[in-house]
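Just below sit the structures, each encoded as structure tokens.
Each of the next two complexes has chain A plus one other chain: chain B in the first, chain C in the second.
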Partner chain A sequence: MKKIEAIIQPFKLEPVKEALKNIGIDGMTITEVRGHGRQKGHKEVYRGQEYNVDLLPKMKIELVVTDARLNETVKTLTEAARTGKIGDGKVFVYDVAEAIRIRNDDRGEAAL
Partner chain B sequence: MKLWTLFVFSAAAMAQTPQSVDAKLAALDTAVKAAQSAGDNAWMLTSAALVLLMTGPGLALFYSGLVRRKNVLGTMMHSFILMAIITVLWALVGYSLVFAEGSPFIGDLRYVFLRGVGLAPNPDYAATIPQQTYMVYQLMFAIITPGLIAGAFAERMKFSGMVLFTILWALIVYFPMAHMVWGKGGLLNAALGGKFPCLDFAGGTVVHITSGVSALVCALYLGKRQGYPQEPMKPHSLVLSVIGACLLWFGWFGFNAGSAVAASGLATSAFVATHFGAAAAALGWIFMEWIRNGKPSVLGGISGCVAGLVAITPASGFVEPFPALLIGFLAGIVCYFMVTMVKSKFGYDDSLDAFGVHGAGGTFGAIITGVFATNAINDSFKDSAGKTLPLGWVDGNPGQVINQLIGTVIAWVLAIVGTLIILKVCDAITGLRVDKDAEIEGLDLSQHGEEGYFFEA
Partner chain C sequence: MMTAEKLRFDPVRALEERTAAVDAQVVSAWQSRLAPDVPAGAALLAVGGYGRRQLFPYSDIDLLVLFSSDKSAVAQKEQISAFLQQLWDGGLRVSQSVRTPQECAELHDGNIELSISLLDQRYLAGDAAVYGALMEKLPRFVHGHRDVLVRHLSQMTRERHARFNGTYHHLEPNIKEAPGGLRDLQLVSWLAQIAGTGPKAFSAPVHVPELEDARRFLFAVRGYLHEQARRDSNVLTFDGQEWLAERMALEEAAVMREYFRSARAVHRLALAALETEEARASSLFAQFRDRRARVSNADFTVARERVYFRSPHQLEAEPELLIRLIQFVARHGMRLSLEAEQKMAPQLPAVRSYFGTPRSLWPALNEALSLPHAPLALRMAYETGALTALFPELERIDCLVIRDFFHRYTVDEHTLVAMQTLADLRNEHTAPASSFAGLFAEIAHPGTLMFALLFHDVGKGNPMEGHVDASLRLVEGAMERVQMPPAERATVRFLIRHHLAMSATMTGRDPFDPATARDLAAVAGTVENLQLLTLVTYADISAVNPTVMTPWRAQQLWQVYLLTYNELTRELESERIEQAGSPEESAFLEGFPKRYLRTHTEADIALHMRLEQESRARGVAVDLEKSGSIYRLTLVTADRPFLFAAIAGTLSSFGMNILKAEAFANRRGTVLDTFSFADPLRTLELNPSESDRLRLTVERAVLGKADVTQLLRSRPRVSPPSRKARIEPAVQFDDTASQSATLIQVVAEDRPGLLYDIASTMSARGASIDVVLIDTEAHKAIDVFYVTAGRRKLDAVRQEDLRQALVAVLRA
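And now, the complex of A and B:
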């Protein structure tokens, strides 16, 4: 099993969710985060006081899939999230040691 | 309609005996007076409520939106608690110290515990409304004034220190200043025999200069917030601040137009001047920002409107509408520079710009009142022969500007000296600043054991 962690642009959340749903992936966790890679921030001014805001709002999507579905899921996600500009985000893939369904104690791929 | 009534009345009168005509006239006279009183009292009670609204939630929202989230409740409390504390202080001694005739500097204690302050009017101040209405109206001014100072010590003031500070400040600075300008026999009272008649319709000197200058003293004495100015301290919710500013604008009609103490044409003039001043000032500030920063900001707009309201306060019942626009516009620009350039140049942490807006705006407004005050708007000042006196420079009386300066200087000196003494006393008794850890944790948790927002609930 693999965990996919994707940091994407907030306005790409709906297209990504829609695209994943269309290939039958419907379990995911969404968090609002702030961060940056190479994307420059912006300047805000409050009563003459300038602030450089370089932590930008993003969305983090976490989902766990079977090894067999990994490549298809990553491809679908990245295509839906892409605009081609700096700031699109990143995807990281991790190994998952165990998965458990809390309701009935299903283990491994059966829990996904 | 009036002509018809007069005709009928005359016809009926001519048909009756002289005594019953007299009796009818007397009854009519009483009825007319009662109607005027009812109108005045209705407006004044409404105005009192409007001024209270300025503190809670107007100022509470305006200020708390500008601080960091961890201090939102503590900042609101700085406004809210005054509604409670000052009320009690006012009832005990405050009204007397301000409005009883005593010395030119402070009233005596004849109205202590509000003795004699009942429903009968006090003709020195407001002949057509119960004295209690006048008392409760003025109370709302006493409530909001110390609340303005909180802008300077936001995010680092100990609650116990703030409570003690407020009580002492009201006694030592506000009550004397209010007496001097508005109390009978007060040194600066233009209407009631002051030696240096200073025109201050609704409290530019009494409220804004005293609190704004005190704020500067507090900011300098307490020192900067930890991390200021390197660490970003953005307003956590300008949404709250916009709502607060709009409530302040709304409530200010009670503050200024209510200072006519009657539902009269003067109240109308003050209402219009107030509104025009606010609008022009918002534009003045926004205009400066647009030129200098390239973008007009919402914070600039609401800061501007407040600056305009402050500046028009002393002038509101004395100036015509277009001078009010001008005063507002200039106030927006003056305060813009005070807040953005002067503050950063001198480096003091007047966190919410209490000095930059109220101190500077009030000073500007007080002085410019001497220029534009005209008896065309306010003809209540008459000489011993009953002739209406000229008011400001536009009336051919440039000397009024000097009187305004005297009032301004007295306000400044009283605020500086009084506040320094009070700060020293509070520092010794309760302490003023929260300790370093409490400041980082935030006032909400450290002073009140609460969190303003708990989205997981």
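And now, the complex of A and C:
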């Protein structure tokens, strides 16, 4: 099992959710986050005052999939989140040691 | 209102029948287990809900076993156990206590609930003399301790309400404990019972006729819930709502609409009753509150922080008293008394019919909507039915439920919360809310903004029509009836039509794609509209549920605002009118920024063209008009150096406070300058001839016949604000904003003559002012100039020279 953690642009959340749904992936956790990578942030001038916008609003999506579905999921996600410009975000993939469904104690892939 | 047919049974009767059946079971057990052994000295009482004959399925059976003395109670312990066991074996969940009449007539700090439960006591079986002993002591006890009982009830209620955030708006409400639930219904009855109990006579349980519908509905729902869960479960879950809707043959949203109506009625009356009794129980508190009575006026009196009508029947004869009431509450932030509410109710049909005809209400309504407590006033008017008498359109959203997992509030509550969110901005001093607070402080017409918010979702009551279209259609009638002026109507239409545009941009568009800001700038048209739209969006999102406006989301909205704001100020210079209407219009308008068309009505344009005609013969034409407390001076002439500075200087020399200014030049070199200004010393109002002298002096200054420096020597001097409040001047140059001009933004402490000093400094250094946009925000002047030198952008040397000169002038 793999955990996919993706940091994406907020306006790409709906297209990503929709694309994942189309390949049968409904379950995910979404968090509003702030940060920056190479995009760095930028300065805005508003009425003669400079505003530093160094941490930009982003969305974090977390989901766990079976090993067999990893490539397809990552491909779908990145394609849906991509604009081709700086600031599109990143995807991280982790190994998952165990998954447990609290309701009935299902284990492993059965719990996904 | 919900009818008994829809409920399919009479819940009150059903509960009484169930109580009677349980009575029979309990009394029979008592007789079989206790009566043979305890012929005298013990009595059995029903208390709590059971005592009130409101026994719900699967609810506890509250019993009080009353013994004449402790001794006999100890002696009968075994029989009591056997009696209770029989009841448990018979399927009843019993909750019992054993007391003597003396114990019942004492205050137990840790168990005041016992004293309260005795209010609902009912004799079931046993020694009537023991019960008689209790009933002899009980009235004196309740009467003597009424203040303690009220304070205790009050504390319990406040704590209980706090557990539910003080609101009855929950997606899955607890219909017993939450505000507006059955406990509150009972509270109203208990408070009346405590108040009505004298030293010798015990008051019977009190039924409140206004709450009868709510009572029947809540009883029915609780009965259903207990039946479905087969236990004492009072949370109306989504599943429960679905199940209930099927039983009642209604839509789920309709069931919840009914629930919220009931909860609102109960909550309102419970709070009013609680506050009345609290005030009575604490005379010191009442005295403090009465200090506010001094704000009473010819129409209203204030006592104990509540508003009363001086002549309650006047409303029928003079319905506009309602608008004054809204103003009064909006100004002082005090609620209406229960008595005034009750006296107002029968007069509302007459009020409604009066306001059905168009009347000049907007000035008074606008004033009310601009006051600090306007949302409270509207809530008061709404909850009493007065607001729907004024605007029947709002009936469509009365307790209307939006069924999704985000909307915590009904549509009417969402509307009121949205308005409250804006009013609360006045107290926001930390980012990111403080950014929006700054915008709100700048709004010239908060009343129009509030009016738009009041109607923004009114179309949600029309499911067949898009809600925005329906809101737009409905608001037309309301605007016509209050005779809102055309400019305000246009703003309201704009805000309602586009109230979802910014949130759609936030969630669906790339903020850094230049097209995003461009598109939104095209929707907003002007900075003023953008600011209003940003505030509507802020309020609208915040009022979806209390946690939705996270700092993250607020920052996103602010970012969209900022990018669009910069786009709008940028396009001032680059977006010019290329072609317009007739050849005459074209000749006049070509070369003006496109903003001109968006910010002026056809009547304005006609006036400007007329001024242009006049200016041809005399070199200059000036128009001066007053709108509310603000004057507007419009001037058309041929462009020349020091022109803008000359007008600004002349106005300052008359003691006028310039609030906004715009200067546009067309392709033929004709300049249109507009100045909005206040007259703090009321010079023009008190001396009609001064208006003519002002107009004439401006003309002479423009034509170089009057020396502005000389005029300014006579201007009144004002002391600068304290050092703490001073604003550090900032001058920024931007060469990227426009293709042909340099943008200069100046932020400085506003003061008389400031604009003249800035403009004349620029002109003296050979900078030609192309476009100007001046704004003031309290003491802060925010000025944007697009300037050129020799028809080109300013080079670096000239920029530095001008920057130093401007900073020196601003610091002077």
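Definition applied: the second predicted complex is superposed on the first by the 102 of 112 C-alpha atoms of A that agree within 3 Å, B and C clash if a C-alpha of one lies under 4 Å from a C-alpha of the other, contacts with A are read in each partner's own complex, and residues count from 1 in each chain.
Convention: contacts are C-beta pairs under 8 Å (C-beta built on N, C-alpha and C of every residue); 3 or more make two chains touch, one makes a residue touch a chain.
Predicted model only: the values in this text are computed from it and were never measured.
Colleague: Could you tell me if A:Gly87 is touching chain B, chain C, both of them or neither one (first, second, both, neither)?
Modeller: It touches chain C, and chain B stays clear.
Colleague: Is A:Arg34 in contact with chain B, with chain C, with both, or with neither (first, second, both, neither)?
Modeller: second
Colleague: Per the overlay, which chain contacts more chain A residues, chain B or chain C?
Modeller: C
Colleague: By the touch definition at the top of the document, which applies to A:Glu14: first (chain B), second (chain C), both, or neither?
Modeller: A:Glu14 contacts chain C only, not chain B.
Colleague: Please write out, lowest number first, the residues of chain A touched by both chain B and chain C across the two complexes.
Modeller: Shared contact residues on chain A: 44-49, 51.
Colleague: Could you please specify the touching residues of chain A with respect to chain C in the complex?
Modeller: Interface residues on chain A, with respect to chain C: 9-11, 13-14, 32-34, 44-49, 51, 53, 57, 83, 85, 87.
Colleague: Using the touch rule from the top, collect the residues of chain A that touch chain B in their complex.
Modeller: Residues 44-49, 51 of chain A touch chain B in their complex.
Colleague: Considering the complex alone, what residue numbers of chain C touch chain A?
Modeller: It is residues 506-512, 550, 552-553, 555-556, 559, 562-563, 565-566, 730-732, 734, 745-747, 782 of chain C that touch chain A.
Colleague: Where on chain B does chain A make contact in their complex?
Modeller: Of all residues in chain B, those touching chain A are 229, 232, 234-235, 289, 293, 295, 297, 299-300, 303, 339-341, 343-344, 353.
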